[in-house]
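Each of the two complexes below includes chain A, the first together with chain B, the second together with chain C.
Entry: the complex of A and B
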């Protein structure tokens, strides 16, 4: 079995830890607990022809007091860029973070996750606002850690992207 | 044939030197010269190789492992074939080795067992072991775990090989039967801690935390360019642990550098390093003086003596109890209840008033140190005649009839020699016979006798001839018959005959000359 390190990156309180919890333990907690430093979990993802083991590094979301520690990104094979659908600011931060990440990781697969889509009434980021990202070739997916919508699928998609990326590099 | 001089040949034929040599060789060796030379060269090469092969192999083997690797498959196949084709041969070859090896293994196992027994005795009963038990209980640990902590200076319980760049676990080994965290998460977290430390203190990423202490564990980390090795050590690790881990990581980098550089997440490729990692599971026992466990020996001796005394005393008590019971039962006493508490026996006995008391019986026994308390229950003796049922009148009549018949049949009337004259002494017998014979008539009916017949039989001694004797014996019976008839006995009730002399009789002559009576009756 192939092991891969992946990271979850995004502003604070966008739901990175909740996404990991939903994916790993199929659970959800309304109470917000901030991540300090990094939290690590692992889970296997079964694809059509192989199984990948994800070692998931859930990184502390940067805010006015803390910056993203890019050292934690070292050796990551892919990552999720997570934003909160109810907070437009998180998209701006994500775009900024992504630049930093690209400097560290070069070209590795990633997925932009629009989380908290269960809060439809409070949504402040329209699909049109995401259009530039899509046009830039980003893979974008709407998720909800609370309902579980697209969470497992997102990990499967990233797993497939890692496999495709590895095959492309070996050619 | 005349041969031209060489100078002339040279002069007449202009030939190239190589061609000349070729011609000369053909002349000397014939047309197959090339093949002959080739064979000679080949033969020469074989000889050459034979001479240098040993040295060549030795030199190559000293350089690297390639020769061994090349030959291993050939040697394996050869051994397989040899064993399959000649199993007996391989048995014979290894036989001299197997015997000593087995004996050595058995001896080693026995030695281990004795050593373990010694250790259990010395460790299990010492003050220190009890102190450790108490401390283990207070610390909430099992005794075995606590002993391990105390008796080992250190033990490397787990070794993790971690990819430096990704923090992914490459391989890990651990000692059996220890609880451990998920090594994948540990390796990732360890990498994160290291990254944080480097980031926080602005160190070069190639630098690495070398150890982390927490509780009784020390995590020793040695890093190479592409991978690092983390050893979880319980106790106080010595410098040799770090040295060993460094050697291992260097060896891994030497052998598997390409895999580490291009690591793609497939750790199965690194499974061969498991054996190497296991060599890092070092442990060292704490140095302790080997003192003689006198306390343990004293305790065992005391226990043995105490046990012996207890067994002896128990047997004595049991034997005394057995003697008491036996003595009482022999005197006819019934033991209703018994209860022994320690060296005291309580009994409830039942006896006849006429029997001796239990105290008297027990007084005759040696019951030193054994207390017997008896609740003596006595049954009074009452002399009462045994009631006998009164016979009925009929039973009485029957008994009287049977008695009279028996008396009549027991009477013998003796006669004088060669005469039918009764001896004088038997006159009273005859009179008695008459009376009893007459009484039968009265006794018959009450006794239920429906009919009876008196048979008088006369006998003679053997002095006369048979006819005379027969006649004489009949006359004697007749005499008695007449007396009976004369005194009231009904004649029809009497039959008489003379039997003469009894053949081969051993009776005296007086006893042979008699008349007897038989009574036949129907009841």
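Entry: the complex of A and C
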């Protein structure tokens, strides 16, 4: 079975840990529990013709206490860039982080996840604001760790992107 | 894990003694992936990791985190330069084990007694306390972020609501009553910046003395001045009637420093002139300091992915500090896209963003990676380059201008934009970031004035001119009310017999301090600030009233009034003219509207329709400055005009200049073929007059006959004016 390291990157409190928990154990905790450092989980994803094992690095959201340590990204085959649909700042931070990540990982596949979309009334990042990202060729997906919306699907899509990317590179 | 362990003689026994009682797993590296424990291993360690053989551990195999860290550790152990006594390499914290048994660990690579050591430390004992600190700090930051978001939204809503009420001409007294208890500070100023409404919050938060009239005027000015440090363009943006919002540090009259979130919304009246400024402000000092540490992660502009204004400000400040100590020169390029608003308004924001994105990438390619390129917001970019050779400054400027030449394709349509660039140099044009930015902005503005699509370097004269211009703009606004405008009239002499007096009304501004100011200076200013509509209306009404006052004396005066391109494009222009005729009682055939060729450059169909209506009303239309603009003969035949005014640049060269003679003769012939009269401007000599008469020119105007005269000097010479053409 092929094992692939992926990372979840984004501002603090955007729901990275909750996305992993929803994916790995199908659980969700309403209470915000900040992550310190790195949490690593593993889970298999079945694709059409193979099974992939994800080694998921859930990285602490950077702020004044913690910076993104780019050494944690080493060897990652792909990543999720996660933002909170109710906080416009998290999009700015994600764009900033993405620059750093691209400098380290070059052109590995990634998905921009707009999390907390269950909070529709509080949503402050419109679909129009994401248009430049889409036009730049980014893959964007709306998720909710709370309801589970698109969480499993996001991991499957990233898995397929990794496989396609690996195949393209081997050509 | 600090302290020196550097003696060769230190033994495992020594380490065991030191480690006794500490919750640390210590290993010596045997080969790339094998580690031998030193001393007794803690129980928690054994619950996660198992030895592979001979009590050796393959830690990379058993932990994904350590596998990653050991790559860095390997490099550390191999690198002699880092093997300082007491140095170590930390992995950062990670959680080992499943959710229920997870332990926070941190690994350290170190060298002691020439041995490569790895220590793994269980952080559990203090971890929860530390996590709680982070948790609380982040929850606080989340709350502040939400607060800032809501505040921003509320300020915008309040500003928009008040703008609507001012537009609806609600009494300011009523508005003042309704905002009196508002938690946000509300300040409404007139166009001159004088305070009209100030609520209690403004007085309480910013210690504004509502009763002190001298200070009343200074509130907006003081804010503009303070904000200028971070936003050098703020005065230009606000005085040009655009909306602005931002945060800046303010030092009130008490000396106390506060962070202010301020929205300034100019209210434009039906003529597009600023009538009021509505300012909403809040003290965001707490929010600002709460979020201060996050600034470094808010560095990127989401549209262009370039550093944003915050980031740029920090970077340029650092760069200037560095350049000061290292005696380097810097060039700051302030790049502003020309007419970007039109694209944004006509194609929508997505297309606008796409253009910004494209040009951002092109600009970034014009300089080295080590130089700074930032998107300051809107259509403004900044580039800071280190100057090694003076010649490079212009090379980069040209490269920046050239980067705008290739078209950008949106939906199969090619779009071409240009940019205006202002350059300020460090240290020559400013020793700090604020001055440098302000000077680059002024130079950019100067480039716009000179026709855009060019680069201008800052010169002290530009700054002085801009200040003078700002003062003039303020004075211009008050000039109508203070009766500082005067109309002069220059006779137009008929070269055949005529029974009426033709005059062109020409505006003069008698400035109380600067004396007469040329229309060539203040009309373009008025056109930019929309004051042109008020001035144009005054000219029209005054000229009509002047011409009509002689009706009772049996003297027919035809008066020609100049109308600017932006006046001519107004939808209610016909109504304005009709009203002027009605108010004055002047018959329409005694009014002549003079428009320039540039009036047709935009919205030609609308302008032609408007002129046709004027002519149907009986009003004459003259095409001014013919020959100085695009002068398309193809268009000429379809323009509804009665007279062509031959530009004085041709007349001045008559009769000696062959080409001017040919053009003059052709224009007169063509005009007559199209059933138009020709009025020659700038006639100053008898030779010019003779030539024009020979060619059949209908009217002449110039100093040879009369200079522009005040209205009261003309009636005594009306008879001479009517006969002047037949006498000479």
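For the reader, a short list of remarks on this structure follows.
The criterion applied here is as follows: the second predicted complex is superposed on the first by the 171 of 171 C-alpha atoms of A that agree within 3 Å, B and C clash if a C-alpha of one lies under 4 Å from a C-alpha of the other, contacts with A are read in each partner's own complex, and residues count from 1 in each chain.
The definition used in the following text is that contacts are C-beta pairs under 8 Å (C-beta built on N, C-alpha and C of every residue); 3 or more make two chains touch, one makes a residue touch a chain.
No experiment lies behind these values; they were computed from the predicted model shown.
On the superposed chain A, the two partners chain B and chain C do not both fit; they clash.
By the touch criterion defined above, A:166 lies against chain B but remains apart from chain C after alignment on the C-alpha atoms of chain A. Of the two partner chains placed around the shared chain by superposition, neither chain B nor chain C is touched by A:50. In the superposition on chain A, A:147 makes contact with neither chain B nor chain C.
Contacts of A:99 after superposition on the shared chain: chain C is touched, whereas chain B is not.
Residue by residue along chain A, chain B and chain C are tallied for touches, and C comes out ahead. Of the two partner chains, chain B and chain C are each touched by A:74.
Of the two partner chains placed around the shared chain by superposition, chain B is the only one that A:2 touches, whereas chain C remains out of contact.
Once the two complexes are laid over each other on the shared chain, residue contacts for A:126 go to neither chain B nor chain C. Once chain A of one complex is fitted onto chain A of the other, the partner contacts of A:88 are limited to chain C, with no touch recorded for chain B.
Overlap of the chain B and chain C interfaces on chain A comprises residues 5, 37-38, 40, 55, 57, 69, 71-72, 74-75. Put simply, chain A touches chain B in their complex at residues 1-5, 37-38, 40-42, 52-53, 55, 57, 69, 71-72, 74-77, 166. Chain C meets chain A in the complex at residues 64-65, 68-69, 71-72, 92-95, 99, 102, 104, 106, 127, 130-131, 134-135, 137-139, 141-142, 145-146, 149, 292-294, 297-300, 302-303, 305, 308, 349-350, 353-354, 357. The touching residues of chain A, when paired with chain C in their complex, are 5, 11-13, 25, 32-34, 36-40, 55, 57, 62-65, 69, 71-72, 74-75, 87-89, 91-93, 95-97, 99, 124, 128-129, 131-132, 135-136.
Contact residues on chain B toward chain A in their complex (touch as defined above): 163-169, 182, 184-185, 188-189, 192, 195-196, 198-199, 205, 264-268.
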